[in-house]
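Labels run A, B, C and D following the written order; every chain starts at residue 1.
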């Protein structure tokens, strides 16, 4: 029994250490680095979502950028309306409206009534999480009821995200098109204004990350975590034990979409803009890269992966020595991780802690 | 209800109780080739039925049909008065049909205890398991079924470290902990030592009272140990049904299996 | 009629790029995100050959095939070989390779998107002089068909036939199919699966190189021109049925036509949107691809 | 064996970790007393890298020239170069680094409108200053952006559309563009101008950015009965568009094309023979014969290589850097508020001629020109305004010289 106990205490210690460092950082960083690390933490939340659906349920979604982007847009719409001169109608609609249109949200351009509920910031924040979940539920229901698995899921989600991006760019009078939404007010809750460069946003993001990780850990150590592991290993066997495997996959798919939406919302707070480029394929792929670098089946690994990759990417592109070659540094990091650390950074951390027992078949995951 | 009454069976087998599991005119074709043709089957509650037949006789396909893995081209499957044709594997499993596969399919990366916990959990919906805390020690039920299949000692060992025989028993234990009404077993004794085979036979006989068991088997020695009624399948259809003695003297069976290893060394 | 021809030309380009991917992914289950970069390398080979060696477009085809096949060989030997069976790790590794290749090209050639070249080799480097006879337009059945598009279509057909012959009519082809279906059993029967994989990866990359040559005829050559092609090629391969050559060919045709007709009817933006929607529907309702019969 | 491999892996990871702080310099950068840090933020990688790389070099050249003449207020300018990689997300991040960590008083950066919108919140919130060079769709009136050298729709259309009608006798216009803010803004302004001069707009179509499949659009143009095309297509699509026109048998004598975006860079990329005979409406071409332009072209060729070409976006960067320096000298202070306050009314003898900053909307009076592409890839100037034209950023929603929307106090919609 002691081997399992040793493993559990080591994991808890790793989590405590990680979050201790994260919460202590703002005291050592200037306001720019506080904001930058806050953005990295937003990416970590995304990586946790991917690690959950991919690492624990075997669902690799290459369209997570869509849910992230929608989360960002929902809050951005609320924050746009919160800016005084955007009332009653946001500037982007004034510029694109027909000369004789009524200057009211209901009918200035076709579809502008959709903006009305976003007058309340609370609605924007809730929608940032609920809308991605609803979209994921719709797509997930059709996909999993048809028992789509493996690379088909990845390609369908990829195509779905591309459709989302195209539609947003194409409806400029409604969404601001390719430029997205800038000119946003700061989030204000109960009189307290969140300054993107101050520690307030940093702790909001760090706290959310902690909450997301804790809820996910609790879920994974509860029965559902066990069922998910079973589903990932042998879907048919789980089915013959009476489990509706599709519902479990759907739940995780929606849960990680909600996490992506939440991360998107926090991105809007730290970067103060939302643009369709968040839904691009390259961004969705980089999310998968962060989770993979960190070690797919570990939430902490995903966080570390996201922080490390973004940190190396930023620092390499800024230091004069690496500037002309920073994509090579990044590309080299990915190849290094896959060849030398098959289980990602988490694999290394586990090796260092010295888990007893034969090293798990290194990286041999049988993919359906 | 009238569908149940007019079922016709080739051999007159004393019908003790209302059949718990019934297949009517069950047929399935793969690109035209009828793997199973017009099979009528009625299993009584608590009966231990064995299905024998040469390779390719359609035994495994029949089992796949019963547990919902494959949808029949024609015909129906009834569980007591409920038509369970095509309601999906999970629903069939939940209505009381446990299936053990030929090659032991268990969750190898998980421990024996975890395997049993997944199997014995009857509240299968997502939200029921969301924050339901996982005990680290087996419940009485799990301990009992582990003890019954001789796995109590290895309860915390990873499934991938078990021997072949132990894996078969683990899968059997998992099926049992689903507390199924009917247990479908696909060659449970395959690849086992003589001692293990005897223990399995003993286990199945012990089961017969409380559960209905349907076994597919080749090894006539093992069949002889455990069964009362045998159904012989040949090229997708039911050739004959009856006790071991009747089967061996049935001319159609002998002709179909002249010299085949399956029956001759009975 | 005109739209049909346009659809055909879109289809032939899609098919060209997807063919190489069909080999690599279809038979070896390796997600190669650097496949787009092979198209880019093929295009740069054309640029260099026409500029320094005075090759015309036709000669560039075999040259580009050899160069990109060489690149494919190197990538397979150094990285991909260690990752068989780990499908998703190849995704990560090949994405890293793609980044490295893009930046190497960018440094060596300087920025080549619009042909303006700040450092490194000559300036009007990055466009390819298309041979005279390919620039005319044919008048055929009332539609004027650009000869260059027809040329692409012919090369696509030719390549499809050669690949089909290679896969289904040669020993190497049978070994390839054996390895793709059951690697271990094939190896057990004496098939040197390492060599087969290496050659298949090289051949797939070579096909992408040829696609690069043809694409450089109507598009500028830039370090990151390759990425969009990976997405489109993947859609075509998976929709057509993995590892099923005829499937890839027909699905490229259908997707090309869909995009062309919708673009003519609505606008190009909806053309792309409907294209993606069609792929989603195909994958949902015919996961094995359009042309694979339902197997047991 | 197992633990040795782990040790190697662990040390690799640790080494990467240790190297980081050295690069990071957490405490921000300390500047020598006689140096002014200025930010240069043009993409060196990614899709728009090619045009922006030349802008990066032009900015560095301009700063080197100013430093050679003694710098600004006696202090040398210290350029800090960042690579935003053509991603709005990274533009925003790098702008924050320049504004907060390096505390630069000015950022010379951004090319597309999308990148500017991502940087806008940073400069406006931190009271910084962005000097933005590119011609764009207007509809913006920020007090933290100096639109030095950046033309607005009326400065590209008020000259070209009437010229096409009067000189070439064309009256059926087909507007085509990439699907984003600039082409849509240009289309709106074009429609209002066409109504004024009795020109019929027979088509207004868009296709996704970077889309290179032009066959359907070109045949749609052919069947629309248009006798002249106005193209607001950007990026890689331009090359595919011109080549497809040639492939489908159109030539610019029968069906003239005027573009707002095909500079010398794009012409060289597609091969001059494809663009020969097409028109471009921009304030600057390499062939502008002013003394300053001769010096500018020679200097840039010396700096970036003999076969480099100069183009409108790069010239605008040159204007921006110089006018910022002039405003700072005049104000005696490099702070953004001082520069903005003193920029209004300043004039600079730019390569394209005299350029003046309008005090109301911080845009620039520019001289609209129309060029016709020659065989060698440069453009002959076929039409030129006698003096610089007033910039009207909100012409798409009816701003006129008399009824100004963008004023010193902000936009009044």
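Note that in this section a contact is a pair of C-beta atoms (placed from the backbone, for glycine too) under 8 Å apart; a residue touches a chain by one contact, two chains touch by 3 or more.
All figures in this text were calculated on a predicted structure; none of them were measured in a lab.
Under the touch definition stated at the top, subunit A and subunit D share these contacting partners: C. Taking the mean of each chain's C-alpha atoms, the chain whose centre lies closest to the overall C-alpha mean is A. Set against the Cα centre of subunit D, the chain with the most distant centre is B. For this pair, subunit A with subunit C, the centres built from the Cα atoms lie 31 Å apart. Subunit C and subunit D have centres, each the mean of its CA atoms, that are 34 Å apart. Each chain gets one centre point, the mean of its Cα atoms, and the points for subunit B and subunit D are 74 Å apart.
Inter-chain centre distance (subunit B to subunit C, centres taken as mean C-alpha positions): 50 Å. Residue positions 103, 269, 272 of subunit C each touch two or more of the other chains. Shared contact sites, meaning residues of subunit D that touch two or more other chains, fall at 44-45, 179, 206, 208.
The set of subunit A residues touching two or more other chains comprises 166, 169-170, 324, 326-327.
Touching subunit D in their complex are the following residues of subunit C: 2-3, 6, 9-10, 103, 106, 111-119, 122-124, 126-127, 129, 135, 137, 144, 146, 148-149, 218-220, 222, 224-225, 228, 259-260, 263-264, 267-269, 271-272. On the subunit D side of its complex with subunit A, the touching residues are 2, 6, 9-10, 12-13, 16, 20, 23-24, 26-28, 44-45, 81-83, 85, 87-89, 92-94, 96-97, 99-101, 113-114, 117-118, 120-122, 124-125, 139, 179-181, 184, 206, 208-209, 396-398, 410-411, 413. Touching subunit C in their complex are the following residues of subunit D: 44-47, 49-51, 53-54, 57, 179, 205-208, 210-213, 215-217, 219-220, 236, 239-240, 243-244, 246-249, 264-266, 268-271, 304-305, 307-309, 377. Note for the complex: subunit C touches subunit A at residues 31, 33, 79, 82-83, 85-93, 95-100, 102-104, 107, 227, 231, 234-235, 238, 242, 269-270, 272-273, 276-277, 279-280, 283-285, 287. Every residue of subunit B that touches subunit A in the complex is listed here, in rising order: 67, 69, 88-90, 93-94, 98-99, 105-110, 114, 117-119, 121-122, 124-126, 129-134, 156, 174, 178.
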